[in-house]
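Here it is, the structure in full.
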């Protein structure tokens, strides 16, 4: 709250136009999401435009359920990632109407009004077949956040013609997410063909000197194309989320 | 070129509406930027929206000059990064009208018509004072590519009030670039306050276990805020470039 | 033993005020904790103020039991950490009255007189829910060593308001233990708010470029707040122990 | 500010006991330390008990001077670390009365009233002679913050008798700072002899597989003594600062 | 396609010697191997001389089957590597006539005419017995690609006479593949004895500071013999493939 | 074979004192230990003083059995290390009279005459209880090679008195093997007390920043005591073997 | 020497057809290249087909000169790599007729008859301009060893059309050397276009997370194209040498 | 001092056979080597058999001089390693009769009676010419400690015949020190030929993936020969010291 806003509130209190209780409410908004083992960030939607997303790793199924119920109780959409099989089964019993994607390991239970039709186009490319789960996590995330998403698999650089046939898709995209393991070379090439931002996701696919994704991570950070930014290894969710933020901003500014 | 486009060209050739020479020209566009030691990518502007940028490290001053002349000769804007002192002095002699920023280590010589007024707002934040050169590289890049840029230094998390006073700037930005060395914690915090994409730039500022930027790089890749993507250590240019791509897309879609 | 102390003993021997046997006893105290597979450090309590703590990893349940019995036999409190399920079950049979915390993986069997009421206040904060087991290990340890402990979970920097609401707790603490995985950014922020020592515990929570805790470890070592010291990854016990040493010293000096 | 404190301020405004301007002042304290290239954290002293310390690396001599003048202008003590020779000479000209320690690379210009006599005793031990500069930085820092400090050099574990002769010093210390490069084994041994907190500082002294301090850093993080916490490589300042916080708390609680 | 070739096609179209459809066919060959989860590179054989090889890791048995059927349907030989037990059993049911080598973890189903007799001689050497699976993958690959292969196991440098007895084999080879884990010293020695290219394959055999193959990988990259090139850890397939390319070129150039 | 020795053999051939066949035998000794999957180095005993030792990791039980039978068939002692449970059970059936130590994971089947009584004394020390299996591997190895061995466990540096009580053992040893995980500080201290060679064995005991033995490995390589040499992580066998070589040389030179 | 060859020599000695001295000469060929500080491997040419090459790093100019004189004295061609400026100037004085390439840092003084015309074609590609010195080292090496070499610079993947225009060169090559720093993505793409062996050379060009060539090294080891083998960072010489071995074998087998 | 020894001293005091002062002298021997910046370990010779050796890195020339004077003053031999040029020149002035080896960077000033003739034979081998400085440090050290030393350079594994010609030297040695950079393969081969302990010294010679000696360090730790122990990178001194300890023990036991 800026000093000007603050002064305004105080002036209202001084002149009796605002009760002290209301002023406390405005100055010290209490978003009470405390569950003991978790403090659900019910203010996230207001600040960042989307409710808190549940990262399920390292949580018991009951903890995940508890956070989900708290979000839903607050009338907010509930999205979970990295849902294990045990968690998925537990959540299936609790929330039978939720959409679960077992390949992407996501959980989706919207309660708010559906968002307006997406205006941005997100293109998700994978270098190989084994990169699909991470790519699907990215695609589901972007879709849940309101984007139009197209996912095209297995267009790695060892067979360039497969990629070059996607030129129209590349030209039409607003953001491109490139998912690749092993040498992680695809984003450099895509970045040289596209005029939109490219978000690169290294995957832990590969063996030996891939070092569980370290190799493609370094490749992507050193991409010779300037339009490439990078997220964590296997972080499909982050890529989808950032892509959606870009699309959302486009829409926001259109008005 | 898609099969349909190809068929169209061939039909024109077949019916004599296009000479064979013209068809060769359209099918095999020769962008001849070959200088022996470099092949200037004169097609980059068409493909990616901005001419090739000269990464000056590891090049002799004469090589840099040569590439610059080739770009200018093709009527394209010329932007160089990581300009060493020796290169800067050499270029000063060759191109006295160019804008050089010695802190950012950039070289800027526009020859095309100035681009339309920027519509996107880029906010560049630094954690500390020593991060300024990298931040300036990011800021100059985004500005050169047509964005409105604001650079605010030294708002690291050890004194949160300095950052919280920037809330209005954060809320108004279309993209935020966060430049930080040492612990690299700032992007996580900014990502939790903003509703726009955050591009994090780790710097090699720090000592000991900072390992020349490895520590903040890892921090940023693991940022708990989903809106954070990352570029290479000290890669101010890449951050500025990607930020500009986002702003540009916003403008493009507005029409 | 200093030369002066030594001289004193010898003078007593010389003058017959101390028998040779007693002098041997004083000069060569034999703390015989040898079990073959372990030498229990029965002198630790005298030297360091607390009996040896059993680090259970890599020991058979029988070995743990043996060390525990030796400590108890010497009239010393018995505290074990990193107790596996198999060890926990075995110890449950041997020592049914011991307190076990399966989340913290601790074992606690006090035999000495309870220590005086704690005077120091230890605040344990976690960045996320999945950091809870490590945080609990820290909290149990500090409590066992006589501190007053408060544990507050899930106040990571992506939602600053959750942390800022703990300002009173932060201001009242004598030591703060901050437990965080992923980006490990929380201690930097807490260090900037507090005027007491902050002990940071990186956890192996996270994935990809978190590299099993390496990322938060580096972040914390590079914390921009000067008040932050660091312990090993997942080393909740060490953090609790060091925190207790600080509190204990405060009490000692008060007298 | 807690809701209760907030309510109190607002009640005073409502009843006219506090003017709006004063309330703004109290609710939105403006610590204006903005110099463009730096935002001096003039509130640090209030929050953390000691003014902002200037980390001089990566700053021009003029920037360091500017920050120093801003601190002094606000009536706060000015302490700088990692002062390069060029900076030292520049500062010598600007502030001839300041104390500079060229071995420790520190700058100290107190302007506030001298603090009360130190009550805590800090013992600084080094494993070797070459660790002295880092140890001196720690010692100067702790002294500047009001502690009684003793520095004993070259008591590494290859000659245990040198260390064992320090037993009285070890027993009398409130905090021990252990500075060591190469194998970094000293803190483990000291931790086994002392009953107070031990802060370990790895140094970049050594060669080959010491990897610029990585080896002693890892050794110290894995110290088998539970009382050891660790700071960054060569971070004498942090060790001194944390040690002083512990001593200060002891004094604070004594009253 | 070069401009000259292009001009030639266009001239034929212009003069009616080539229909537009045929020209489209030649200019935009559509190798449609799209299976959704995979795009089989049916053009690989034409470009690189051998059909796409299926890397089976990270694929479901059904995906592997699908790619295999697509290759076979296109009349191309089908070779798979890193076949898991589950995949092997599934493929056994689908393609009972295929050759499977469970030690090498390969799958081989030739459908094209057998290639001409091999002219090149590939010698595969292993340092130890445990390197056999990787060596077998190399040997099978080279054999499938038409080479004569000899595999000699357990001639590590700790018993030089075992290696020196292979001198005739070494002298007669056209390419030597050396497979070694642990210290990875064998390629350096073989490189000093041979006058042909040596391809080194580090394996993940070893423990401790072998770091899953990192140690032999670095050894081999630093081999003091200039004739040694290296492939990824455990990458028997790549070594066999590259060896076969060398042999094939020898044959091609012989004509 | 030196030129002089060679000349001697040839002179004998020339004068008919040596048949050609015998000369072939002497010049080209054929130690035929080829089993296909392994080439048993039957000459090792002559060259290095002890038969080949079977490193069992990565071998099938049948392979281990085969190598063992080949050694025994050649009248050589058979010693195996890193014997897995499956291998141990298989070997138990094949060679019921062999000595197996399941904690050390060794297999020992002597067939040659027992060696002369050991003259060298090997002292094996461990820092902790969990280092015992590696220490036992070292102790068994040295014993099998003819040394007198004493193994003393759990004398880590956190309780120095436990180590200092071993002074007589330390002074009487000919070689000391120090086995330690975590901080790996023990060899530095032992090296400062002893006047004989110290062989340090890092173990993978520990957690977090121990990085599976990397931390103690680096510590030991940087030991401030000059008498410390190091072997691979968990390489108890190597330490025992090298210790025995030292003892053996002492005996050899005594005559 | 095989048993059969040995038997033959011995039979000749026995029958007086070979003197003992000659036999010694044949069985114990003394290649005496001992200079004290170096043992020049004068037998290398016979064994490996090319004389020893002088790696100049870490040698004094006099040492390099000494080795060069010894090679030349033995009538062997003299080739040196990594020649520093000081060494180059010294050698210029000693051997004014030698060819020196200061960019490639090579020294070449042939004394033997020129080799037969090259039959193999080596194509050297670089991703960027700054990779030229390493590429030149590779090109000079291959040329010196008798290959026809073409070097094409700056065809990195960010501008694919630059590479695709080299298709004819790629198709006609017998071996392709690809030199790239930063992301190291070029070999993967070239491998997918070529049907000959590809030797990848990572360079230390780049910054930040390129880690002095580690990033492109890992990329290349993980190349998704099976035809790619890798040499050490900046090892242009090794790549050129291996390429020449492949070409030489082609020629040898042609006869 | 053991309890028995202690009892003995005390009995003497009790019966007046030992004055209290003498007893203090025997029980609390004061080896006063305290110089402020260093505590010279004057007891080292008694404990470990050789006086403290001065590691000169990181010390001022004056500090080195001070330690040297203290050793000499105590009648002990003075040996220094890693002497920089500046230190060497300073020491030359102070101690003109000392032996300095500028290649090995050692300083040697014996003041005690020369030791008895050496009985052990140390063989120092280097893989390349550039490894000579480290090898010389090892050789000088072993010689100073009384061993007979032979140094043979440049017998790396790329030309095995150079090594095999040293067989007699290898067979006659009591300890072999192998110094190698780059691939570090030599110790594995030597270990397979020798029946005595092999101490391996990795050097920082090499480039690229040698990573300043990391590659040969890992190679040597993973040596397939069991007789190889390893010291720090470039640690010629440690290798020479440990070799001398082995030789000394041989002599000691001979009596």
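By written order: A, B, C, D, E, F, G and H. Residues from 1 in each chain.
Definition applied: contacts are C-beta pairs under 8 Å (C-beta built on N, C-alpha and C of every residue); 3 or more make two chains touch, one makes a residue touch a chain.
Everything numeric here is computed off the predicted structure, so don't read it as measured data.
In terms of the stated touch criterion, the partners common to chain C and chain H are D, F, listed by label.
The pair with more inter-chain C-beta contacts, choosing from G-H and D-F, is D-F. Residue contact pairs shared with A-G exceed half only for one pair among C-H, G-H or B-C, and that pair is B-C. The distance from the centre of chain B to the centre of chain D, each centre being the mean of the chain's C-alpha atoms, comes to 39 Å. Note: centroid distance chain A to chain B, computed from Cα atoms, is 24 Å.
Shared interface positions of chain H, i.e. residues touching 2 or more other chains, are given as 128, 158-159, 191-193, 208-210, 214, 217, 221-222, 232-233.
A complete list of chain pairs in contact reads A-B, A-C, A-D, A-E, A-G, B-C, B-D, B-E, B-G, C-D, C-F, C-H, D-F, D-H, E-F, E-G, E-H, F-G, F-H, G-H. Those residues of chain D that touch chain F in the complex are listed here as 127-128, 156-160, 182-185, 188-189, 191-193, 206, 208-211, 214-216, 218-225. Listed in rising order, the residues of chain H touching chain C in the complex are 3, 6-7, 10-11, 13-14, 16, 20, 23-24, 27-28, 30. Those residues of chain F that touch chain E in the complex are listed here as 31, 36-39, 41, 43-44, 52, 55, 57-59, 63, 67, 82, 202, 204, 212-214, 217, 232-235. On the chain G side of its complex with chain B, the touching residues are 128-130, 132, 153-155, 158-159, 161-162, 205, 207-210. Touching chain H in their complex are the following residues of chain F: 1-2, 44, 47-49, 53, 119-120, 167-168, 174-175, 191-197, 199, 217, 221-222, 226-233, 237-239, 241-242, 245-246, 249-250, 253-254.
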